[in-house]
Amino acid sequence: MVEKPVISALEAARKVQAGNVVHVGGFLGCGSPDAVIAELAKLGTRDLTLVCNDSSILDQKSGKRNGVAPLIENRQFAKVIVSHIGTNAETQRQMNAGETEVVLVPQGTLAERIRAAGAGLGGILTGTGVGTEVEEGKQKLLVKDKVYLLEEALGGDVALIKAAKADRAGNLRYSKTARNFNPLMATACALVIAEVEELVDIGDLDPDDVHTPSIFVDFIVVSPRTEARA
Amino acid sequence: MVEKPVISALEAARKVQAGNVVHVGGFLGCGSPDAVIAELAKLGTRDLTLVCNDSSILDQKSGKRNGVAPLIENRQFAKVIVSHIGTNAETQRQMNAGETEVVLVPQGTLAERIRAAGAGLGGILTGTGVGTEVEEGKQKLLVKDKVYLLEEALGGDVALIKAAKADRAGNLRYSKTARNFNPLMATACALVIAEVEELVDIGDLDPDDVHTPSIFVDFIVVSPRTEARA
Amino acid sequence: MTEYVENKEIIARRIARMFHTGDVVNLGIGLPTLVGNYVPEGVTVILQSENGLIGLGPRPEPGKEDPDLTNAGGQPVSIQTGGAFFDSATSFGIIRGGHVDYTVLGVLEVDQEANLANYKIPGKMVPGMGGAMDLVAGSRVVVAATTHLEKSGASKLKRRCSLPLTAAGQVDFVVTDVGFFQIVGGRFHLKEWFEPYDPEWIMAHTDADVVVDDDSAACKDL
Amino acid sequence: MTEYVENKEIIARRIARMFHTGDVVNLGIGLPTLVGNYVPEGVTVILQSENGLIGLGPRPEPGKEDPDLTNAGGQPVSIQTGGAFFDSATSFGIIRGGHVDYTVLGVLEVDQEANLANYKIPGKMVPGMGGAMDLVAGSRVVVAATTHLEKSGASKLKRRCSLPLTAAGQVDFVVTDVGFFQIVGGRFHLKEWFEPYDPEWIMAHTDADVVVDDDSAACKDL
């Protein structure tokens, strides 16, 4: 097996170019690549398009913020494609003020669209959203007497994902519900950077228990878990 | 967690009714539910439709047969939907004689169609088969300037699958390349019967390492590995 | 006439009685989460959480929370023995594929055509649909859980939703704090009323067509 | 003129030189499998097998075969340290999604429009396409490996395939035992010829349009 380059969080963040479509793993901050996000926030790279489950938690009262919230606060996104913005009032403010374009996608549709991009499918037919605003502008198809929406594949330029463990070849394992969108995004972007808590030797992962095969991963960032995460 | 009924291979085979669409796991016999197949062959249940990667190996010279070959020999299928029949001359003979309807589906399309059924998708758009006989009778769609075929979901009545290990709740783990179509079929059929080599207690499988979650499995058949399989 | 007093507990109690052992259930954030507290003894349901697990368990004791183990609301939870984790595509494959027996979720509005609105008040609040659209479109049985009246006194059950829909024609049951309704043929069928409310009170306080069937009855000992 | 003598080894040798360290490669059954034997020292390719693994290794010693570990031809194989197993949907997601750099496969016919036929001779032999249609449609680079002539002496390279196609317009390179061809703009460009054959011989023995570019040359020390 071929080893993958291990780079710093800053080097990883520098690989994101202005204007890129960036997929970021995590679900309300659980399973998000926090070290790379922190460096990307410092760099301030702009005009990005975000693909993520949600715009994370940003609570101005309690001061709690996680996931992509620092990038939202920095207004680094021209557009965000997510299923939920209810825990980040700043996203909603930017949307209402016309500062940021927000596209809301049903969570299951978002997951399948990302998977479709990774799997070389043009799109999928889902019943989700039929008869709602989500169907606007989309093709409807009838299959076995049921109406479906054609939802197109959604790939990206860079995936910033988070795993619990990588081996030096880039095989990944996720922990619990921190898995969420990470394995899907690993398949769907031209460049894939995996932030991991632990790096192990090739051969330390059982081939039956690899969640993301090495061939999807381009770079590894090692960032051990800190108390701050809990 | 709720325990799943453990039944005999014969009881499992009896759940397959004449006329059923039956998904059978395995790839050229690797990872096929041999004990249940053997009983189904004895019962002789007819007019079945087979969904399987291939029609398995049936070599009249060497006498080697595996996977679904005994059911093919018995002519229990009115129709077989597979990607490959090249290792079973009897399937080809039945096809040419008009005894059995054979539908050939590209392997990746077959996998996605089964997954789509399990995932509640009406179908998927694939570039595979464009410009070939496979596109005949199918809708073609243009997405971002590329032509795709609409391939419809392919579910079934009964899935006969094979796993290495189950816990009593029905969580499954597969071994090596014996995984193949088994986890997909587990999601795509009304009734799912898992033949396993080993049954363990609930709690013995790490929730991060479950390949098929328990909720997909209806019945468990325990059939320890015998020398005959190797 | 009886005065309306909001009672979320009775809603959760009644919904919890719908389940049988082995049912796979997804409980939405807020009121639906309460349902988990009232599942009758002897009934074992399997809770699915759309962020990627089967076998959702209770919140751990303080200090035992795992940042890698949360529910769909981002709160710390646990997993039951025999549970499993999976990615979001698998999770929504479970949901969309009809492998979830019951989804219970809150509403802004629900109407007699079985439509449900709960993700957006245009110009005011747009949290987004999260997993709700898939849950309502994909689950075998959809149960809307809601107080019967708004704080303003307006009926949450409508002839026709005025807000953007989460899903069209997918709701099977509505359980409020005054009664248990099944939606059939474009009407709310009141199957059970919760005393002190009675059919007369309920019809007077519901802005939709309510039918009382012959087999309808007061629900006792909730 | 030089007499044609079939030479599968030279085909495998030349194809093996196309790869770089880290390339993900799928080798079809038969002749393409031979390619694995000739990968130059110092180059590490990663073999994908469509039945569900990355890191395909050699056949184990007799007696060490595992019935749960086979290649796409059903033969016993091994897995390299650092490999991974997955299901068939993931496997073809890898293939269709462009994550396989090279697919090498045998042909019945290949034509100058980059079409390939290898799964069916109507009325005669219908093995089925297996994974070939996805591999040809999805891989980044498609390499057809074939002897230059049939046993009958007919050219395997055609102006237009007469058999049912495996995929339309997807072949990038054709490597035979007389030369290395790239398909561009509806023609076979002979980039290298394998001595003792020369461009004149090759044009005379190919039933299609062959172009010899300025930078074409004899391939040495194969």
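Just so it is clear, A, B, C and D label the chains in written order, and each chain counts residues from 1 on its own.
As a working rule, a residue touches a chain if its C-beta (ideal position, glycine included) is under 8 Å from a C-beta of that chain, and two chains touch if they have at least 3 such contacts.
Worth saying up front: this structure is predicted, and the values here are computed from it rather than measured.
Colleague: Considering only chains that satisfy the touch condition with subunit A, which of them also satisfy it with subunit D?
Modeller: B
Colleague: When you check each chain against subunit A and subunit C, which touch both of them?
Modeller: For subunit A paired with subunit C, the chains in contact with each are B, in label order.
Colleague: Using each chain's Cα centroid, which is most distant from the centroid of subunit A?
Modeller: That would be chain D.
Colleague: Decide which interface, B-D or B-C, involves more C-beta pairs in contact, and give its chain pair.
Modeller: B-D
Colleague: Please compute the C-alpha centroid of subunit C, do the same for subunit D, then give the distance between them in whole Å.
Modeller: Comparing mean C-alpha positions, subunit D is 56 Å from subunit C.
Colleague: Any idea how many Å lie between the Cα centroids of subunit B and subunit C?
Modeller: Their C-alpha centroids are separated by 36 Å.
Colleague: Nearest whole angstrom, what separates the Cα centre of subunit A from the Cα centre of subunit B?
Modeller: Centre separation, subunit A to subunit B: 33 Å.
Colleague: Which whole number of Å gives the spacing of the CA centres of subunit B and subunit D?
Modeller: Distance between chain centres, rounded to whole Å: 29 Å.
Colleague: Please set out, as single numbers or ranges, the residues of subunit C touching at least two other chains.
Modeller: 53, 79, 85-86, 89, 92, 95-96, 138
Colleague: Would you mind listing the residues of subunit A that make contact with two or more other chains?
Modeller: 112, 115, 119-121, 126-127, 174-176, 179, 207-208
Colleague: Please give all chain pairs that are in touch with each other.
Modeller: Those chain pairs which touch are A-B, A-C, A-D, B-C, B-D.
Colleague: Can you name the residues of subunit B that touch subunit D in the complex?
Modeller: Checking each residue of subunit B against subunit D gives 27-31, 53-54, 57, 82-87, 92, 95, 102, 104, 106-112, 114-115, 126-134, 164, 174-184, 211, 229-230.
Colleague: How about subunit D: which of its residues touch subunit B in the complex?
Modeller: 49-53, 65-70, 72-74, 79, 85-89, 91-92, 95-96, 115, 120, 125-134, 137-138, 164-169
Colleague: Within their complex, state which residues of subunit B touch subunit A.
Modeller: Answer in residue numbers: 112, 116, 119-127, 139, 141, 143-144, 146, 148, 150, 152-153, 173-176, 179, 207-209.
Colleague: State the interface residues of subunit D toward subunit A in the complex, per the touch definition above.
Modeller: Interface residues on the subunit D side: 21-22, 24, 44, 46, 48, 53-55, 79-86, 89, 92-99, 138.
Colleague: Which residues of subunit A touch subunit D once you look at their complex with the stated criterion?
Modeller: 1-2, 115, 117-121, 167, 169, 171, 187, 202-203, 205, 207-208, 210, 213-216
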